[in-house]
Each structure stands twice: as structure tokens, then as C-alpha cells.
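Sending over a structure as C-alpha cells; questions will come in a sec.
Each chain carries a letter (A, B, C and D) given by its place in the written order, and its residues are counted from 1.
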Amino acid sequence: MIKVAQLGAGRMGAVHARNAAANQRLDLVALVDPRPDVAGPLAAELGAALRGFDEVLADPEIRGIIVASSTDAHLDNTLSALRAGKAVFCEKPLDLRLATLLAAKGELEAAEDRLFVAFNRRFDPHYRALKARIDGGDIGALESLHIVNHDPATPPPAFIPTSGGLFKDFTIHDFDLAPWLMGEAPVEVFAWASCLIDPQIGALGDVDTAKVLLTTATGRLCMISNSRRTGYGYDQRIEAFGSNGAARVDNVTNTAVSVWGESGAKADRFPYAFIDRYAGAYAAEMDHFADVLDGKASPEAGLLASIASLELAEAAARSVATGAPVRL
Amino acid sequence: MIKVAQLGAGRMGAVHARNAAANQRLDLVALVDPRPDVAGPLAAELGAALRGFDEVLADPEIRGIIVASSTDAHLDNTLSALRAGKAVFCEKPLDLRLATLLAAKGELEAAEDRLFVAFNRRFDPHYRALKARIDGGDIGALESLHIVNHDPATPPPAFIPTSGGLFKDFTIHDFDLAPWLMGEAPVEVFAWASCLIDPQIGALGDVDTAKVLLTTATGRLCMISNSRRTGYGYDQRIEAFGSNGAARVDNVTNTAVSVWGESGAKADRFPYAFIDRYAGAYAAEMDHFADVLDGKASPEAGLLASIASLELAEAAARSVATGAPVRL
Amino acid sequence: MIKVAQLGAGRMGAVHARNAAANQRLDLVALVDPRPDVAGPLAAELGAALRGFDEVLADPEIRGIIVASSTDAHLDNTLSALRAGKAVFCEKPLDLRLATLLAAKGELEAAEDRLFVAFNRRFDPHYRALKARIDGGDIGALESLHIVNHDPATPPPAFIPTSGGLFKDFTIHDFDLAPWLMGEAPVEVFAWASCLIDPQIGALGDVDTAKVLLTTATGRLCMISNSRRTGYGYDQRIEAFGSNGAARVDNVTNTAVSVWGESGAKADRFPYAFIDRYAGAYAAEMDHFADVLDGKASPEAGLLASIASLELAEAAARSVATGAPVRL
Amino acid sequence: MIKVAQLGAGRMGAVHARNAAANQRLDLVALVDPRPDVAGPLAAELGAALRGFDEVLADPEIRGIIVASSTDAHLDNTLSALRAGKAVFCEKPLDLRLATLLAAKGELEAAEDRLFVAFNRRFDPHYRALKARIDGGDIGALESLHIVNHDPATPPPAFIPTSGGLFKDFTIHDFDLAPWLMGEAPVEVFAWASCLIDPQIGALGDVDTAKVLLTTATGRLCMISNSRRTGYGYDQRIEAFGSNGAARVDNVTNTAVSVWGESGAKADRFPYAFIDRYAGAYAAEMDHFADVLDGKASPEAGLLASIASLELAEAAARSVATGAPVRL
């Protein structure tokens, strides 16, 4: 088994640590987190030691580092780990500032075969199956894409100022998904956004509802819909239209149970939290990290995907600000 | 257009009369019903005259008679019309007494190309499409059949004594459907029945819930489920299992609208009344009658189907009474 | 019964004439069409006379005129009929030229309670049920709308030059639907369009694929997707997102039959032609015309809806031409 | 962590061993299997030692034994383990011979809080959710139950002679499920069975297609459908009808992807192997064993469920043999 250590024992940290511990190729030996009250129980549950970051970096037996610290520490932690010769699993985003990322580009590129940035959508079995259908020609040549990415409930207002805003925090998933599914980079972005849900979000300078259009060099069109609140769970759907048919990923339900009553047929709920909807994706991305450590795969996404999606997010924000499409 | 007259202006009578009036090959010229208060408004709506039965039979321009009188008058009315040389559309059943039917067999057989007994299920577009799939080999050789036929709500107790009982009144549809879909007559019947829903039905000697098994000479198996009350609409489904797959007709919904809320995804209601669920079937069976009158088709169902389904109903009742399977 | 006459016996003319003939409140007494080979058989089938337009206009017994002539004759025919005191059912569009329509505005407004322009989507039972759910508060306050309107197959190239282009010919339905469902007029339009399907369409100066965004004064957002070719039938769907849930109209299937085989579960096909998908809507709009003639209803749509949807179509075309959003 | 050992490293053994290894409360320390070529790689993969059964029984640190040996050894192995004071997870069935089971009843009863027989259906999240809906009153009082349990493909003929026959090998799951869901034991059984699929199965004295009816003291009715071959995957469905509605578990699909093409909408496949369909159930039953070892739960199923389901299987076989219902 390959020894790995993890930075961060917060909400996403717990997900990644449990997946690392359950992965039969990985041995999670250490957790690094300044908060022993948070990290201690998790470490105990998983049989990992609480250790310092420097100590972990200096341990030659530890070959991989999972970076699940706070977002603003991701890039520094990643660079430190790469410099120590480790492979890195970095929870998305690598960084929210495009300029900062570009400044580190040279160093990151040099280590690109050890840097995996975990964009979870790409590892969802439903989306992977959709991509396989598209790439396999099941719908002919892809012409357009519709993505619905709606959150169940607005985040707490305190989260907004450090989030990077809707496009960098939330649409970023779609900005990564769309080129991946289309097999082609967008060349122009148009976005409209409103604050329709929570005035507090608007007061903080952010939006909660957006419609984004992307187009590619060959004329493919992509529509993205975002909302911060559905009231009915995590609405996660994709439709792909091609020259010979269409394919879609519909929402999954918690179970296959439906109940028929006076008012009609009622299916079970959709998963509410992203942690539930993408549980399979989180496990699969940890397994991909094992593949990278095993030399069986190059990182599915890394620096370039981070830059490309951030560029789209910044372009979308500019489009909202100027009211005009933005060419990349 | 072919002139037809109709006996009976009750609930089903209104359905048939409106379908006859709307059919572009039929001209409904007369309604016969002893209750002018019921028949008058319907006749006015449809531009038909109120006339006597004898008068209608004597009118050489009237070529077809739609028998929608009370069940116990069906056979007499049918025989009178056949003797007058008319073609007959008889609302199911031709008669509830097997012995009576057998007694009239000779005369009815002689007119079999003019006698159409309207078993509505055979004309439902969904069931016809299912039969086409089965007959077309889409599921290989048919092996078994599951029929769910559940009513939305129990009938008024006053209806029970003249209904013929659950098997003759309600399962009779399934006893006609099953051989039609299987392409083979059942040779043995086993039935269990309970009064689980309405004790008044039990007090009147009838049951409200039944499970029936049929088997054919080649070993095909059919399960029929009946209930007098669902609480959620008219539950009408069929599943066919074959050597190479399965096919099913699921319930239809009133519209394609679904609403997603906190408790999950809710589809629209199922049709409640049989008149709504089988509206298309009623129109199609009237069109079939026009085909018969036009010489374009032989009656899809008539005396033989009436006898065969009644025999199954009586066998099922005997099986319940004896607790043992009944061989036909 | 109310006597009506119809102009035009082409493809849509046949639909409307049959619906008028089948409607129990309308009596289709005359067909007007310069092509007796086309109009003759239809007139014979429906028991209507072939007559001239002037003759029909002069007949005081004829109270309603159904205008199903060629698109460029709609407005003239409509004006003639209105001047003769008739009520008019005009197949959409009233005219393709906004300026021409505005020039006739005064005269048309004066007769607005007799002018019904048949935008079929509003009469589809699924969309009406969706609107009832939205208006009834089932999803809270409406925030955004997604409309998919994709044709099964590209029209013949010869149709393109007189069609008015994708936005006026096809998206026009969505431009009428969106304000009707949102209860609010769009104030800004952004559109991207490509010729991805048929280069002949591009050579004729038209597009075959488009994504359109609309926004309203209160910030509601609407996305419209159009394609001239699906390969799988007529893709007609709407999703509405609100403050308390979502509602959608999914595609209908020809029957409720599905077949399960080695490669999975296969539902029945979607309707292919618009005439099949909207058969119920065409019958319902004819019934609405009977309501208008009966004095029971004001026309659901007329001059204003025609102008409003044309304005949106022209704005969308300008947006494509300029690459920028267009304010109305 | 609680140390456990497992007997058997065959197909089901591999499933249970991997689940034990992945369970965060269990430590799979030993595998017992006479075939080192089979057991060795599995032991290596999971970090378990290959040891002898006696040795394992004598090890006081090992508290639980997972019995996944060949079916005819289950009971002996279980008794040995219980006598050694271990808790036992026994892969279903405990034994195929009712008489043998009854002979050991006294000894097994004395250890019933340490004996868990793993009937997997009870641990499937979909069926558990269905039971929760039934028990929670979502459909009112339960009246009847329909179970479809169809295998994707016939077993190899060599399996038939030691299988116990269709009812003991396959329907046994339904015989356990039905009383569990109904909350009431069946009092009468009627079964019809045919050999419709594979004549080799018939030549070996077994059947491949069956329809079984059960009824309870209060008149509840249950229909079970079994087939050894669907051609489309593992068809696993349940419908429950109550006084106030119905609930069903439909088949799950491999992913939420559907593809729309010329012939209609095609959903993804159903899981083919039981190991895939019930992967969640197998993990959940291992977790239940951890609960038993932890003192947090009594075994969900054990001797009594084994006896009850075997009695139903034998009664069903008698019903087929005699052609009559069998009273329990």
C-alpha cells in the first residue's frame, strides 16, 4: 500500500480522508490540521496519526499528499508538497486568483505529472458514462450542451466574501465540465446573472442565479444554468444534443421507491448535499490518485484545467459587468 | 355516411353516442331510451331523433344498432336487432349468464359477422401496441403475463347484486385480454379472493380483491391482480415476459407535467375514471364498428370471446369456492 | 351550430378543417381554395361546399372565417374577413413583417375581440397544466424558464426563403410561450445561432441551431434552445424554476409501452410531426374559436401577441447580427 | 476494531471478505479455505492470513466468523463456530434440508443472539425504504404484494442438482422477503411452475419459471413471479398495494444516462449480476454483523427466518407436485 498524508480535516477533508482510508491501495498514515479537536477524532476513526506538515513532507515513506486545507492555502501547500517530491491530490480550486496561478505556472508545469486537481464532476459515473456515449458516437457529432447545476440551498452569507463569487465558486464545475464533454475549448462567453433569491447575497456583491452561454471555434453551443437554491435537492443534469440523437443525465433519486397516492406518483427525493450526490465521484477521484501514484495514469485534471476554468469564470463575470459577450 | 341508431342513453350510452356522432363514417340518426329526460338532451346535443326500438328496427336505412341498454337487456336487444338484419355493436357483456348465452349460441353464430361485442381493452392503443410488440417477436416467445387491473374506488353497494360479481363484472376484461395477448386459451384457473376493502361488498356475497392464475396448454402462465379500490386512480398495467426480453404498459398520466418539491418529484395523476383512461379505446371500437359496417373488417370480438371470458369467470369463482384449481 | 368557412386546404388547412368539422358547436359549410384538386376531396370528406371568398364573405349565415391560406395572404384575408364582420381564426403568423403589422394596427385593434391568432402552444394540455401549476403557486415565485424546441428534421431548402428565418418561423412559438408562462414581457434578448446541421440552410442566409436568452424587468431569465433536426422526433420540453420548487413538461411518447432487452429499457418513440404532437392543441384552439363565436371568451391571442413575438424575433436576429444583447 | 475470520474464498466469499476488509469496524485477520490458489491472492489483497479453521476457532482474539463455505458445509461450520463462542455471519442458506435444521434447532436457538443468516434482500436500501414506507403508513394498511424476482440467465446445469431446486435456491429470497414486508406469516401457498426456458433444467427435475401465491391469516395476498432468464438483466421489483395507495421499487439502472434516438428513448441497462444489483446490500449486511458484534443490534435474521422460508419452499414444491394449495 502507498502511504499518503492529508492536510485539513474539515467537511471535505473528512470525505477525502475516509475515501483514502477505504481505498485498498492507499494507506492514510497522517492527518495534518492545526485544530486537534477537529482532526483528532477523525484520525482516531481512521487509524491515522496527527502530525505536522514539515514532518510529513520530510517523511520519505509518504509519497502522496492530499490537500484539503482552506482554499487560500491550497496553492502554497501544493507547491510545498511538490517541492518535497510528493504527488498531490488538491481539492478544487488550486487557487481562486488567475494571476497568482499564472505566476506559478512554470513551477507547476514542471510537476504536472504529480499534480491532480480534483474536479469531482469528471469522476461522477453518470457523467463519465455520458462522455463515453458522446465520444463513442452514440449521438453523432455533438452540437450543443445544456447543463443544469442548481444548489439545494443558499450558502451562509459569511461564506460569500471568500467564495470567489458564483462563477468561481460554483459555475467553475461547469466551466470544467463543458470543455471536457465537448472536447473543445470555448472561445466566447455570455452571461446574465441576477440576485433573485437572497438579497444578502446581492448586498455582498454576488449573484445567485445565472444563465451562461459558451460557444466554441466550430460553432458548438453550451448553455449553463445556475441557481443557489432549488428547494428540492441538488439539481444536477446534463443534456447533449448531436447530429444523430441526444443523451441526457437526469437527476438520480435516493432510492428506486415511488409512492402512488391521490395526487399522483411520487418518486423518492433527489440527494440534497453535494457530498451525497457525488459520493461515488469522490471515491473515484481518490482511486484515480492511487492510479497516479501507481504510475498507471497521468492526472485527469491539473494546472491547465484550473487555469481554463478560471479564465471562463473571469470572462463570465466580465460579461455580466459589461452586458456584452467576452471573447477569450 | 352509414346510418346507425343507439339503445340506451346512460353513462356508457353517452360515451358511445358521442363517439358515433363524431365518427366521420357514421351518422347517428336515432336514440332509443324510455327515459326522455335522460335521452332528450343527449339527442338534442347530437342532432339525433328520439324514436322507438321497433320503429328503428323497421327503418331500412338504419344499418347498425348500438346496444347500450341495461346489461340484462343486452342479449334480447341484440337478438332483435340481428333478426332485423342489422349489424350490432353490443356494449360488454352480451350476457352475464353462461347458460343463457349457450342457449342462444346457434342463432348468434349464424350472425357472427354482424355481431361485435365491445371489449374495450383490445382497442386501447397502448395494449394494441403491446400486442404488436409481442406478435412482432420483440420479446421472443411469450412466457408469462402479469395484468394489474385495479379500480380507483369501490362501486356503490347497490351495484353489486346485479353486477355478476367481481369476476364477471371486472376481471372479465382480463379474461378477455389474457388469451388475446397470449394467443392461446387458458386450460386451468386458480383464484384467491378476499374482501379486504369494503365489508358491505362481503355482506352481499362478493369480494373486492383477487389474485388469479391462468395456465395454457403450452405452459404459459398469467397472473391477474384485481382490486376494487386503489385510492390513486385507475391502475391499468400489463407486463409480458418472453424468451428474449420483456415489454410493459405502464400507467398513463393525465399530463406530462411533473413538479419537484421538497419531498421529491411528483408526476401528474393517473386518470381516475375508466371513461377517461379508455377514451381512446371507446372511440376506436366505434371506428371498428364502422369498419364492420363498411365490410372492411370482421368483428374483433363477439360470441366466442363472450363465452370464453364468461367460462373463465365462472371457473375462477369455482376455484375460490373450492379452494382448488379448476380445469376448463 | 355556428356556420364557419375556411380559406386554404393545405397541410395545416386539413388539420383545422377536420377539427372544425368534428367540433360539435361548429358547422364547416365552405372551403375556399383556388386548387380544386386539393380542396375537393377534403370538402367531400367533410361535407363542405367549395366556394369563392367573396361569396363566403357575403353570406350572412357564415359567422366565422378560418384563415389557413399561404402565410403571405394571412393578413389580407384576415382584414377582408374582419371588414365583412366575421370573426377570424388565423393560423399563425398573422404576418411575418413587423412594419406591415404595425401599419394595420389601428384597424386590427378595433376588431380585437373578433381576431384570434392561433398560437398552438398555448392550447397544448401539457403546457396549460404547467401554466396552471406556475400560476397556482406550486413552485413559488417563478425565477427562470428553459424551453427546448427542436424539430425532428430540417425543412426542405425551398421552404427557407419564404419562412422568415428560424426566429420568425420557429422560435416565434417560444417568443409567444415565454411571456405567457412568465406573466411578464422580456426587456432584453441575447441570441447565438449557428448553421451546424445543413449547409444549404446557411447558404440561404439562415441558421439551424440557436440559443436565446431573455430577461424581464424583474430579473427573470429564460433560455430557449432551438434546433432544426433531432433525429429522434419532435423534442418539446419546458422547465420552470421557482422559489419553492420546479416543474417540467417532459416529452410525451406515442404509447406507454416500453421494451426491456439486452441493451436496457426502451420507451416508445416521441411523436415525430408537429401535427401529431400538437393534435390536442389544434382541436382545443378550434374549440376556443367556438367559445369566441359563442361570446364565451375573448381571443386568447391576437394582434398584441403577434406583434410582441415578432418584436422578439427581430431583436434576436439583430442580436445575432451585432453579437450583442438587444434592449426592447 | 473487531477481529473476524472468514471461511470460503469463492465468488460470494470474495464479496464478503472485501466488505469485511473495507468495514471500518471490522478487521479481517484470517481466511480459511482449502484451496490456496484461490484463497491466497484474496488474502494477499486484503492483508489477511491463510489459516486453518481449528486454529481460528481457538484464537480468542477472533470474535466473529463469516461462513461463506460451500452450502452443504454452512450448518456444520456454523455450529462449530457457535460452540467456540464466536458470533456467526452465515451466507444464506443455513441449510437446504428442513429436517436437518429442525434437528439442530435447540442448539441454534440457544445461540440465536450470535447467529446472523445473511438474507441479502432485507439489506437492500430500496427494499428497506419500501418497508419503511409501508410501516410508516404511507399506503395505509397493506393489502397485497407483488414480487418480481427474475434472474438474467439460467445457471449452468451442473449447479441444479445441488441447488435445492428453484424454490429453495431462488424463491427462498422472496419467501423471506414477503413475510418481512407484510409483517405477517403466510398460512397457505399455491404454486404453478413450468420448465419453459431450458429443457436441461427440466431433465434434471427442476423448473425455471414459477408463479406463487401466498395468503395470510388476515387475508393479505402475495404474488411472486420467478424466472431463471430475462435476457435483459436482473429484474428485481416489488409492488405493495394498501388501503390508501401503492408503493413500488422499480428496477435500478446502471447510470442515469438515457439516449434518445430514432427508435425512442433508451435508458441505461439494469445491473446484470446479483453481485452488482445487491452490492449495497452485501456491504450493509456486513455492517449489520459489526453491529451484532458491537452489541448494538440483535441479528436481523437467523434460525427462524431460515426455517420459515424453507417451510414455504417445501410447501410450494408440494403445491406444484399435488396441483393444490398447501396449508402451513
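As a working rule, a contact is a pair of C-beta atoms (placed from the backbone, for glycine too) under 8 Å apart; a residue touches a chain by one contact, two chains touch by 3 or more.
Keep in mind it's a predicted model, so treat the numbers as computed, not measured.
*Asks:* Need the most distant chain from chain D, centre defined as the mean of C-alpha atoms.
*Replies:* C
*Asks:* Which chain pair shares more contacting C-beta pairs: B-D, or C-D?
*Replies:* By number of C-beta pairs in contact, B-D is the larger.
*Asks:* Could you give the separation in Å between the centres of chain C and chain D, each centre being the mean of its C-alpha atoms?
*Replies:* Chain centres of chain C and chain D, defined by C-alpha means, are spaced 57 Å apart.
*Asks:* Please tell me the distance, in whole Å, between the geometric centres of chain A and chain D computed from their C-alpha atoms.
*Replies:* 38
*Asks:* How many Å are there between the centre of chain B and the centre of chain D, using C-alpha atoms for each centre?
*Replies:* The mean C-alpha positions of chain B and chain D differ by 42 Å.
*Asks:* Any chance you could list the residues of chain C touching two or more other chains?
*Replies:* Residues 230-232, 235, 244-246, 251, 260-262, 268.
*Asks:* Considering only the defined contacts, which chain B positions touch chain C in the complex?
*Replies:* 21-22, 24, 45-46, 125-126, 129-130, 133, 138-139, 244-252, 254-262, 268
*Asks:* Inside the complex, what are the residues of chain C that reach chain D?
*Replies:* Within the complex, chain C contacts chain D at residues 230-233, 235, 251, 253, 260-270.
*Asks:* In their complex, what parts of chain A are in touch with chain C?
*Replies:* 140, 143-144, 146, 148, 150, 190, 192, 194-197, 209, 211, 213, 215, 219-221, 223, 225, 227, 229-232, 235, 239, 241-246, 323-325
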